[in-house]
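Structure incoming, see below.
Chain naming follows the written order as A, B, C, D, E and F, and within any one chain the residues start at number 1.
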Amino acid sequence: MSTLNIVNKSPFEKRTLEQCLKRVGDGDSVLLIEDASICAVAGTAYQDQLNATAELTKLYVLQPDLDARGFTDAKLLEPVQCVDYTGFVELVAQHDRVHSWL
Amino acid sequence: MKFAVLVNEGPYQHQASDTAYQFVHAALQAGHDVMRVFFYHDGVNNGTRLTSPPQDDRHIQKRWSDLAAEHKLDLVLCVAACQRRGIVDEDEMKRNGKDADNIAEGFRISGLGQLIEAGIEADRLITFGD
Amino acid sequence: MEEDEYAGGVIKKFLYVNRRQPHGTVYALESLETVLIGAAFDQDVSMLFIDDGVYQLKKEQSPDGIDMKNFSKTYRALEMYDVEKLFVERESLEERGLSAEDLLVDVEVIATADVKALVDEQDVVLSF
Amino acid sequence: MKFAVLVNEGPYQHQASDTAYQFVHAALQAGHDVMRVFFYHDGVNNGTRLTSPPQDDRHIQKRWSDLAAEHKLDLVLCVAACQRRGIVDEDEMKRNGKDADNIAEGFRISGLGQLIEAGIEADRLITFGD
Amino acid sequence: MSTLNIVNKSPFEKRTLEQCLKRVGDGDSVLLIEDASICAVAGTAYQDQLNATAELTKLYVLQPDLDARGFTDAKLLEPVQCVDYTGFVELVAQHDRVHSWL
Amino acid sequence: MEEDEYAGGVIKKFLYVNRRQPHGTVYALESLETVLIGAAFDQDVSMLFIDDGVYQLKKEQSPDGIDMKNFSKTYRALEMYDVEKLFVERESLEERGLSAEDLLVDVEVIATADVKALVDEQDVVLSF
């Protein structure tokens, strides 16, 4: 009974990411898209929080959004996996439901 | 698999409609069924035919209309949200005593029941918003 | 016996997640409209109020001064639509200095740790 | 004192246009001059005459149009933002080959220079947005 | 050379308030409107931060926004002053410029 | 000698405060359009990039995959419009693991503590 959680806002701008992370757990996944994609990059203030989350939860980032923001060649957090739009569709199909944290 | 998509933001201001479009496009490419795209809140602003974005920019409304034509997509604009925001088809024009309509090709205006129905009938409902 | 107005006969579990204040944006009002319309489909509906969403249920809202409708009374009418499962997160109330007595309807107060279990039961999650 | 106001969000979705209206109304009541209200980004969506909000709700566009008529307010919609969002007057309709216009009474479409000019000429510029 | 800073988002939702507060200082004012109005109420998680800010900076809240959200009779933070729309206009006139933190 | 295309002859100090990422919302692009149009009025223009606004200046943006324009090159053209005062806040860069070398234009890096002084000099503050 797994949930794909989608976060689309920067954790520097909105609290959506932290609000999502404190309510997810074992078996859940979190996909970072749009302005949230930048926190998949290593070295931001959110790196420890995301690495800790990854012990229970799978982390994904939408590659085209990272590219758009200039992070194509950036070092990403170790547990984060990149997906394109096709991979996004597969994630939706693989999970039981989608929860968009708006 | 059968998907339904909910779009809560208008074109250009937020990336939501762009991401929704790319998602729907990829889902169709992968052979999935997208049974409905429901536009709610400012999302109904995607459905006006009166936009003229810069030549070198994407044409968000046209992109949706073209995708709908190619794949017989059901693009539904929430009627209550349309009334608050000025998106009008011929019926709404007459009903509300307006002198023009502005709905784009491939979109239709209907009630919120269409969203609930999509939630019931689709295997997955995915929301894009602000 | 419940009516089944939706021809399909399928009953799914719908969760409405409310995370925003009323009035500052239209989401709270338009989310409520969805719940009311959805009631005709006789699905298994729950509403979850977390983060700033708990303010939607605050007593004594009086938006006359900003020239908006006081739709907060509508939450009291949800019962008549058989929408009876309202969950409010305790930690969200506490951060805001609020308690269940400040709310205009009876709700079930749950902990942050219980939210995942509630979400895990659902077929459809709608978040505005 | 001479005020100018910038509105960056459309009607209903965010409170910005409401607060801007209440501010302008109060400024005029207090005897100040409001030399211009400039609508940018989704703010241009305040200027369509095609909305039909519920009877028991405020009519945001009409409220602006009425205030403009009463106080000779200059309500300016940014042309580039209008083109991206489908707000059209007669000139824009012809220029962009559209078959309808939807601009409301009391609004006019013009360029961003009008915003800069407002910033120069007004004693204070106040922004309302999301 | 004072600035009227306007914050309109809830600090529980966006980081705008903290981002504003760390860049204002002596002689500045902060006006809480719309969804930011609720943090003028005593007892929220932001009360200490706002009380500390008030040592250098004046704090105002837009009363109609508090009323709308059900806090007409609530206890407010001691340093916060309430204004109506007319008071808002006066604040704009009294300061040298307005900075809306969007 | 500077031209003075604005008939009024008044020169005011305008500060554009940029606090959002590019692409996720239109504000960065439309703010830039304002600056370019504003250049014709020969005012005293400064641009401040703080919080997520620093991402607007990130090198190597490539929004082809999201089908958007790469307007980041336009920041390099600002010099030609006599918009030369670009300020970036050090702490905003640091929180994001960025440094001035990651940016596509030369900027003046200032501290959080200096932002108030910059704002205090201005006649008009525009924030998108």
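Just so we're on the same page, a residue touches a chain if its C-beta (ideal position, glycine included) is under 8 Å from a C-beta of that chain, and two chains touch if they have at least 3 such contacts.
The shown structure was predicted, so the numbers you read here are calculated from the model rather than taken from an experiment.
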>> Taking contact as defined at the start, I'd like the list of chains shared as neighbours by chain A and chain B.
In response: C, F
> More contacting C-beta pairs: D-E or E-F?
Replying inline: D-E
>> Let me spell it out: compute each chain's centre from its C-alpha atoms, then which one is farthest from chain F's centre?
In response: C
> Is it true that over half of the residue numbers where chain A touches chain E are used by both copies, so same, or is it different?
Replying inline: same
> At what distance in angstrom does the C-alpha mean of chain C lie from that of chain A?
Replying inline: 27
> If you average the CA atoms of chain A and of chain E, how many Å lie between those two points?
Replying inline: 33
> Listing for chain B: what residues touch at least two other chains?
Replying inline: 8, 12-13, 15, 19, 22, 41, 57, 80, 84, 125, 127, 129
> Listing for chain E: what residues touch at least two other chains?
Replying inline: 8, 12-13, 15, 34-35, 64, 84, 97-98, 100, 102
> For chain F, what residues touch not just one other chain but two or more?
Replying inline: 19, 23-27, 51, 66, 68, 123-125, 127-128
> Among the chains present, which pairs are found to touch?
Replying inline: A-B, A-C, A-E, A-F, B-C, B-D, B-F, C-D, C-E, D-E, D-F, E-F
>> Per the contact definition, I'd like the list of chain F residues that touch chain E in the complex.
In response: 17, 19, 27, 50-51, 112, 115-116, 119-125, 127-128
> So in the complex, which bits of chain D are touching chain F?
Replying inline: 6, 8, 40-41, 80-81, 84, 111-113, 115-117, 119-121, 125, 127, 129
> Across the complex, what residues on chain D touch chain B?
Replying inline: 10-13, 41-42, 45, 48-54, 57, 61, 80, 83-88, 92, 96, 98, 100-102
> Given the complex with chain B, which residues does chain F contribute to the contact?
Replying inline: 23-26, 66-69
> Which positions of chain A touch chain B when the two form their complex?
Replying inline: 6, 8, 33-35, 64, 84-86, 88-90, 92-93, 97-98, 100, 102
